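In the two complexes below, chain A is the common chain; its partner is chain B in one and chain C in the other.
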Partner chain A sequence: MKKIISLVSFVFVLLISTSAFAQEPADRLIGIWEPSHGKAKVKVEKIGSKYYGKIVWLREVKDPETGEAKVDKNNPDEKMRTKPLRGYRILKDFQYTDKDEWTEGTIYDPENGNTYNCIVKMTDENTLDIRGYIGIATFGRTDIWKRLKMPSKKK
Partner chain B sequence: MKRIIQTTASFFLVLVLFACGGGKTSNITLETTVSADGPFFQGGNSLVADIPLNIKELVGDESLQEVTSVTLTKAVMQMEEGALASFNNATLQFVSDANPMTTVAIINPISGEGKSVSFTTSDEAEIESFFNEESFTVLLDLDFKEDQYLETVEAKVNMNLTIEYK
Partner chain C sequence: MFLTKKNFAFSAILCFGMVAVAQTDTTAVEEEEEDYSMYDNLDFVDEATKRFAPVKIKGISPAKLITVGYDFQGSYDMTAGSFATDRGTYAEQTAEVNSTQGLRVEANIPVISKNSLVVQVGARLWDINYDFENPQSLTNPLLTNLQNNNLTSIGLNSTIYKPLNENTFLLFRVAAEMNGDYGLDKLQSMSYNRYSIAALWGKRPTDNKQWAIGISRTYRAGEMNYIPIIMYNWTSSNNKWGTEILFPARGHVRYTVNSRNMLFAGFELEGNSYRIGNDGGALSDSDFDELEIRRSELRFRFVYERQLKGFVWVSAQAGYRYNYSYNVDQVADGDEFFRGFFGDQEYALENDLTNPLYFNVSINLVSP
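Our next item is the complex of A and B:
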C-alpha cells in the first residue's frame, strides 16, 4: 500500500512540475538574440498578445561623429531623431502561427531609417531566420540570428 | 468671359466648402497613470496602462460616427518629487491588438528637476485608428540609470489631443 501511495505521489509531482515548466510554443521566441553582424543584441518580449524585440546591447555604444550615445538619427520623423538606439524596439507586432513562424510584424533598420515587413522562422530552438521584405516575401533578405546562451555555473 | 470665370470660381468655392463641411474638431485631455511592478534593472523598463475608450463621451458628441484624424499636441509626464532624476530618457507609445505599436512622443534627455517634464510629440504618428477602438494600451518605456529594487513605479501621463471626426 505504501509503495502505491509513493508511486501515485511521484506521478502527481511529476505531472505538476511538467505542466509548470511547459512553455507555450509561441513564447519560445522570448529571449535574447544576436543578429549575424554581431553589432547588437535584441531582447524579445511579449506585450499583450504580440511579440516585440528591443536593442539591449550595442557593440559600439557611442556615435563616433558626436561622441554621444547613439540615437535614431535616420528616423524619417525628424522630431524622433533624439530617441536612443539602446532600448529601441526594432521588432514589432509579431504574432505566432502554428508553423514555428511569427508573422504580421515589422523590422526597423536604424542604419537607413527604413521599416520592412518581416517574418521570423525558428529553424531550431536557438536559431531564427529573420526575413525582411517590401511587398512580397519572395523579394527580401534573410539574416540568421542566434540565441544568446548564458554560461551555466559549474559546481 | 468674365461670367465663365465667375461661374467656375463659384463652382470651386462650393466644392471646397462641401469637401470641408463634413468634419468636426474637438480638443480633449486624456489622463492616465502607467505603472509596472519591480524590481527594475538598468536600461529600458515598460510601464503600462489600459485606456478604455468612450470616444463619444470624450468629445461630448453623441452624433460622432468615425474619428478621422488625431494629433497629439502635448504630452506631460508627472512623478514624485525627485523621481525623474532616476531616468535617462522616455518613450511614449500606443499599442493594441488591432494596431501596430506606434511611438507618439519621446524625451531625451530627461531633466531631473521638478515633478513634471514635457515630451517632444511626433508630427507623423498615425494614431486615429486607436481612437476608433474600445480600448488601447499606453506604454511608457523608461530608461533607468541604475537597478532599482522598488515594488512599483508609477507615472501620470497627461495628453492633449486634437480629434477630427464626422
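Our next item is the complex of A and C:
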C-alpha cells in the first residue's frame, strides 16, 4: 500500500512538474527585452494568467537634474512621481490570444507620462513588435524589441 | 526513489501555494528589492541583432499624426505689378487685404515602423482665402483673381528614416503638390504639380542630440531652388531647453514647462508655387498665361503646445509674417526652370506685400 501511494505521488508530482516546465506558447513572452532606443531593459513576467513587464535596467540610472535615482516624474498621478523608474511596471495586463499576439494590455511611456493601448506581436522567438496606439491601431507607433540572454545567477 | 506520504503532502501544498501566489494581483509598482546589477551586461539572444539610432531624441515635441488648423493673417497691403496683354494694359494697383485666412488639414501616418526603417506617408489640404477691403475697386487682374478664387494646396508626401547603425542615419522626404486657384470640384492639370525632395545624412551621438546635413529641391522660397539643409535637434540634460531646427525650413528654441506643456520661439519659411488663371480671364490670355505665384513668407513666431486630453494636443502660434516673395512667373506647360538666388530671368509680374501679424490655432492628434 505504501508503495502504491508513493507511486501515485510520484506520477502526480511528475505531471505537475511537466506541465509547469513545458513552455506554453503564451509564456514565450517571458524574458528580458530591449526596446529599440536601447535606454532600458524590460523583464516580462507572468502574474496569474497575465503578462507584465518592468524596467530592470536603465542606461542612465540617475536623473542628471537631481543626481538621484530616476523617478517617474512625468506621471499624471502625483503620488507616483516619487516612485523609482527602475522596477517600474510599464507593460500591464497582457493576455495571449493566438497568432503569437498578446493583447488587452497597456504600455506606459515614462518620458511623457502617457499610457497607450498596446498589442504585442512576436515576429520570431527573439523579436517583438510592440505597437502602442490611440483608440485604433492605425494611429500608433511600432517599436521593435529584441530578446536578451537571461542573466546568470550570482553566487 | 518513491515519495513518502509526507513528501506528497508537501509537494501538493507547494504546488497549490505557487498557484495561490501567482494569482495575486501585483500590477502595482514593484516594491521588492532586486539585484538589478545582474542585468548590466546582457547580450542579444540573436547575435546578429544590431542596434539602430532611434528616430526621436529625448524631450522632442510629439509628432503630429493629424492636424486640423486655422490660419489667419491680419490686414496688410498688396501691390500688384503692371502688365499688358492683347486685351489691354493693366496698371499697378495697391489694395488693402483685410485678412488672409484658411483651413489647414494634415495627416502623417507611419506605415512602416521598424528599428531599421521608418516610413511615413502624409497628405495635406490647405486653403488660402484673400478678403480685400474694397473688392469693387480692384482693377488689376491679379487682385481680382485672388478676391474671386482661393489658393488651394493638395499634397502627398513621404518621409523615410533609415538608420545605418547606432548613431548614423539617412533621412529622405519626397512631396508632390497641386497648388493653384482651382476648386476642389475642378482640379487643375497634374502637369502643373510641383515636386520637392530632400536628402540628409546625420548623426545621433547621444539620446539628447541629433544633427544632419543635406540638400533639398524645394519651393519654400516660392520658386524651385536647390538649398542645403541643416538639422539640429537637441535637448538639455535637465530636459527643459532644446532646439528643433531644420534650416532653412524652420528653427525653434524649445522650453519644456513639463511633458504636457511646451513653448517655442523661432521661425518657419513657408512657400510654394501656385498656378493661377485656372478660371480664365486676363491671367490666361494667349500672350500672358501659364502664370504661377511664387509665394514665400517667413513667419517669426511664438508657439505654445499643450496636451488637452490624452493624445489630443492644441497648438497656438502668433507672430509676424514677413513677405519674401509674391512675384509671378510664366511657366509654359508647367515646365519648371531654375533661377536660384543669382539667376537674372525676369518675373512676369513683380508684386509686393506689407507684413501683418498672424495667428494659427490647431488641434492635433499626436503620436505615441
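Note that in this section the second predicted complex is superposed on the first by the 127 of 155 C-alpha atoms of A that agree within 3 Å, B and C clash if a C-alpha of one lies under 4 Å from a C-alpha of the other, contacts with A are read in each partner's own complex, and residues count from 1 in each chain.
Here, a residue touches a chain if its C-beta (ideal position, glycine included) is under 8 Å from a C-beta of that chain, and two chains touch if they have at least 3 such contacts.
This one's a predicted model, so the numbers in the text were calculated from it and none came from an experiment.
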item: First (chain B), second (chain C), both or neither touched by A:Val71; value: first
item: Touching partner for A:Val56 - first (chain B), second (chain C), both, neither; value: both
item: Partner chain in contact with A:Thr82 - chain B first, chain C second, else both or neither; value: first
item: Contacts of A:Lys121 with chain B and chain C, given as first, second, both or neither; value: neither
item: Chain B versus chain C as contact partner of A:Lys92, first or second or both or neither; value: both
item: Partner chain(s) touched by A:Arg141 [first = chain B, second = chain C, both, neither]; value: second
item: Comparing the two partners chain B and chain C, which touches a greater set of residues in chain A; value: C
item: Contacts of A:Arg28 with chain B and chain C, given as first, second, both or neither; value: neither
item: Intersection of the chain A residues that touch chain B with those that touch chain C; value: 47-48, 52, 54, 56, 80, 83, 86-87, 89, 92-93
item: Touching residues on chain C, where the partner in the complex is chain A; value: 2-5, 7-8, 11-12, 15, 22-30, 34-36, 38-40, 42-46, 49, 51-52, 54, 58-59, 62, 65-66, 109-110, 113-115, 166, 207, 237-239, 258-260, 310-311, 365, 367-368
item: Chain A to chain B touching residues, read off their complex; value: 47-50, 52, 54, 56, 71, 76-80, 82-84, 86-87, 89, 92-93, 106
item: Chain B residues within the chain A interface of the complex; value: 43-44, 46, 48, 88-89, 91, 95-97, 100-101, 103, 106, 108, 120-125, 137, 139, 141, 143
item: Interfacial residue positions of chain A with respect to chain C in the complex; value: 3, 5-10, 12-13, 16, 32, 34, 36-39, 41, 43, 46-48, 52, 54, 56-57, 59-60, 64-65, 74, 80, 83, 86-89, 92-93, 109, 111-114, 116, 125-127, 132-134, 138-144, 146-154
